[in-house]
Amino acid sequence: MVKIVDKEQIKQLFANGQRLMIGGFIECGAPHRLIDLLLESGVRNLTLIGNDTGFDDQKSGQLVVERRLSRVIVSHIGTNKETGRQMNSGDLEVELIPQGTLVEQIRAGGAGLGGVLTPTGIGTPVAEGSRTLEVDGREYLLAKPLRADLALVKAWKADRDGNLLFRYAARNFNPVIAMAGDRVVVEAEEIVPTGEIDPNQVMTPGIFVDYILRNGEE
Amino acid sequence: MVKIVDKEQIKQLFANGQRLMIGGFIECGAPHRLIDLLLESGVRNLTLIGNDTGFDDQKSGQLVVERRLSRVIVSHIGTNKETGRQMNSGDLEVELIPQGTLVEQIRAGGAGLGGVLTPTGIGTPVAEGSRTLEVDGREYLLAKPLRADLALVKAWKADRDGNLLFRYAARNFNPVIAMAGDRVVVEAEEIVPTGEIDPNQVMTPGIFVDYILRNGEE
Amino acid sequence: MTEMRERITRRIARELEDGDVVNLGIGMPTMVADFIPDDIRVIFQSENGFVGMGPRPPKGEEDPDLVNAGSEPVTIKTGGAFFDSTLSFAIIRGGHLDATVLGALQVDEQGNLANWKIPGKLVPGMGGAMDLTVGARQVIVATSHTTKKGQPKILPECTLPLTAKGEVDLIVTELAVFRVTGQGLLLKEIAEDTTVKEVKEKTAAGFSIAPELITFA
Amino acid sequence: MTEMRERITRRIARELEDGDVVNLGIGMPTMVADFIPDDIRVIFQSENGFVGMGPRPPKGEEDPDLVNAGSEPVTIKTGGAFFDSTLSFAIIRGGHLDATVLGALQVDEQGNLANWKIPGKLVPGMGGAMDLTVGARQVIVATSHTTKKGQPKILPECTLPLTAKGEVDLIVTELAVFRVTGQGLLLKEIAEDTTVKEVKEKTAAGFSIAPELITFA
């Protein structure tokens, strides 16, 4: 059952060494208020699973800049110079995964699949060390499921039962990570009464959501 | 590019021996007008991929009753007595697949995956003859992708660019088969001008759709 | 018959907790929804594509687009949501259901379930049942204790093709409630109008008996 | 520089047909959209989650939720649709794109492409590029013919880590248009201000020359 909670309750969900999925695509649709709370909470040694590490001069990127991460599993780090620096100095472990494979791994984690077979990356360094399978004469990489302790989601509107709407390109990884976290935490631009979102139009059903950050405290 | 076509043009898409995906869940959300045209066209020896074979006294079920099918790949046949009879007499080949596996196989076909690994069916007759894989100590079945020559989709609203909305439980298999047909044919309760459907709310983007049956001829 | 089904499903309803997300199989299991106490909220999932399933609508208000997996007219509750079959089975297989309630042809002391095929006789297909048993956190079997002919349905080992291997957690009949444990069946409750002796006679599987055997009505 | 990029992307725009669904990579490839003739309709897909991408909005009308995969403000055209990343890559990997246009660090005569990593120097990551090359029906490379230092980028064999093996169909530079065939590169067109001799000098890969060599501007 969804709980609408305040900042302090959100902060208590964070702990050193956690594995986090964070929605967004280079800051667009990233849960900036939740990331602020994460930074404030002082936790470290986190693993980040998401599309990228943001911009080094914007919010998501601060997780790297402030050295809260020990490992990232992402498709792209080019927009955050600090990620490359920490990778080269050995302070940050970076696992780069093709975006379409990464999103299927997260989906598999949320959907109870043991993995998917993808043609993406065959013949490239991505295939090195990966299990490959031949199916009907074509070679595929086995992409294993990914899950996280916490998924941090940014929604446009949430109703009080946790049903979510996303807006424009801010949707991106948010719905899929909402399926793959042991606990799912949402910040929404607006929290509306249950019933206001048409059940046909719900993008993420409330059954996936555990916590919503209360609005209007700032 | 989507074409809005009349009944005769739809009928010309059908041919003996085709592999068809048809949306719907025991008649709910099934494309009854397209099935009518399929029946009228007289084609036979078809392979049906879908959730079930409908009710024997309703529209989808007539594909079996009128003996148009030589093979069905479905999760359930219990609502159409004729399916069981033709299976027992050897006139119809029936491949039963767990519903969640079937829908993933169709999705894999549409999403360019070589298959998915599912725990469903391990230890049951479904696993017999299937390839199994162990991933991180758990056993999975390999479910291979499914595609079709034609996908027949029932939408609630379609715009003239093929963007689709579905209504209530009539959505079911429709969006996923719309990804996995070489050609995708839609009947819609209503065809609205492009722009009338909010781009945030589109359930199946028009790029998947090839033909829409013109309304208002009946 | 109705009384038996009501007793079984009323008892199962007591297993469900506030906030649970539950899928009810076709047939008898759907009756569980009628016995949820007013002071808790259980969210019912329908594998054809929604959560927040409500009861059958009044006559004349049925909508052909709003039916459960058994094609019966239902309603959607405030806060419900519709989705396609891929998300529906992501919910089911992905561990997002707290419980599922399913019927049985046979169930056994290893927690195996058979409910989709009688070779040569009846082959309805498994539908969503195999995914439900693999994915739901708790698998509850709702079944008459014996067949119509009086043959036991709770066996040392299922003889019919399996729906699931070792996935059943709880078996509720009109006579008894068994928990499936690593050491076989544990009789936890018996109906008020039966005896352990009768349960033993009508159960082919062996079982142990809970120290504090409870009675249910 | 701008002129070179304009020439390349203007030429690539002519490869696209009415009704095509196309993904343009970050950087120079995005310019292709500016040269689509008014009488055809090309639908642009953005891998961060939509089809129907339109041009940059007027100043002051940017919306932070409406950006392309390179974080630049864009617009949505009538008939467009938004979706999540799973559907976006189902479109990409599933063969639903008619073409993708991507930049290159290196490209070779077997149709291999390298554009995501210079070991020890630059590791931006592959983002969606590997999926785009595997999934799109036609993979068009948009690249300067040589590096800034004048080194050839079209090689007998890529030396940098590959993005895709054997997936490139067409290579367009400011000097030439090559088709990748089973028998290596075929020079199909040369720019109006160059010669086959210059193209040969600046191309490390071998290539054959089309019988009817066309000139482009």
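Per-chain numbering from 1; labels A, B, C and D assigned in written order.
FYI, a contact is a pair of C-beta atoms (placed from the backbone, for glycine too) under 8 Å apart; a residue touches a chain by one contact, two chains touch by 3 or more.
On a predicted model such as this, the values are computed, not experimentally measured, just so you know.
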{"item": "Chains touching both chain C and chain D", "value": "A, B"}
{"item": "Result of counting contacting C-beta pairs for B-C and B-D, higher pair", "value": "B-C"}
{"item": "Euclidean distance of C-alpha centroids - chain A vs chain B, Å", "value": "32"}
{"item": "Distance from chain D to chain B - Cα centre to Cα centre, in angstrom", "value": "35"}
{"item": "Euclidean distance of C-alpha centroids - chain A vs chain D, Å", "value": "29"}
{"item": "Multi-chain contact sites of chain A, meaning residues that touch two or more partners", "value": "104, 107, 111-113, 118-119, 166-168, 200"}
{"item": "Numbers and ranges of chain C residues touching at least 2 other chains", "value": "50, 76, 82-83, 89, 92-93, 134-135"}
{"item": "Chain contact graph, described as a line, ring, star, complete graph or other shape", "value": "other"}
{"item": "Touching pairs among all chains present in the structure", "value": "A-B, A-C, A-D, B-C, B-D"}
{"item": "Chain B - residues contacting chain D, complex", "value": "1, 107, 110-113, 159, 161, 163, 179, 194-195, 199-200, 202, 205-208"}
{"item": "For the chain A and chain D complex, residues of the former touching the latter", "value": "25-29, 51-52, 55, 74-79, 84, 87, 94, 96, 98-101, 103-104, 107, 118-126, 156, 166-176, 203"}
{"item": "Touching residues on chain C, where the partner in the complex is chain B", "value": "46-50, 63-67, 69, 71, 76, 82-86, 88-89, 92-93, 112, 117, 122-131, 134-135, 161-166"}
{"item": "Chain A-touching residues of chain B, taken from the complex the two chains share", "value": "104, 108, 111-119, 133, 135-136, 138, 140, 142, 144, 165-168, 200-201"}
{"item": "Chain D residues touching chain B - in the complex, by the definition given at the top", "value": "18-19, 21, 41, 43, 45, 50-52, 76, 78-83, 87, 89-96, 134-135"}
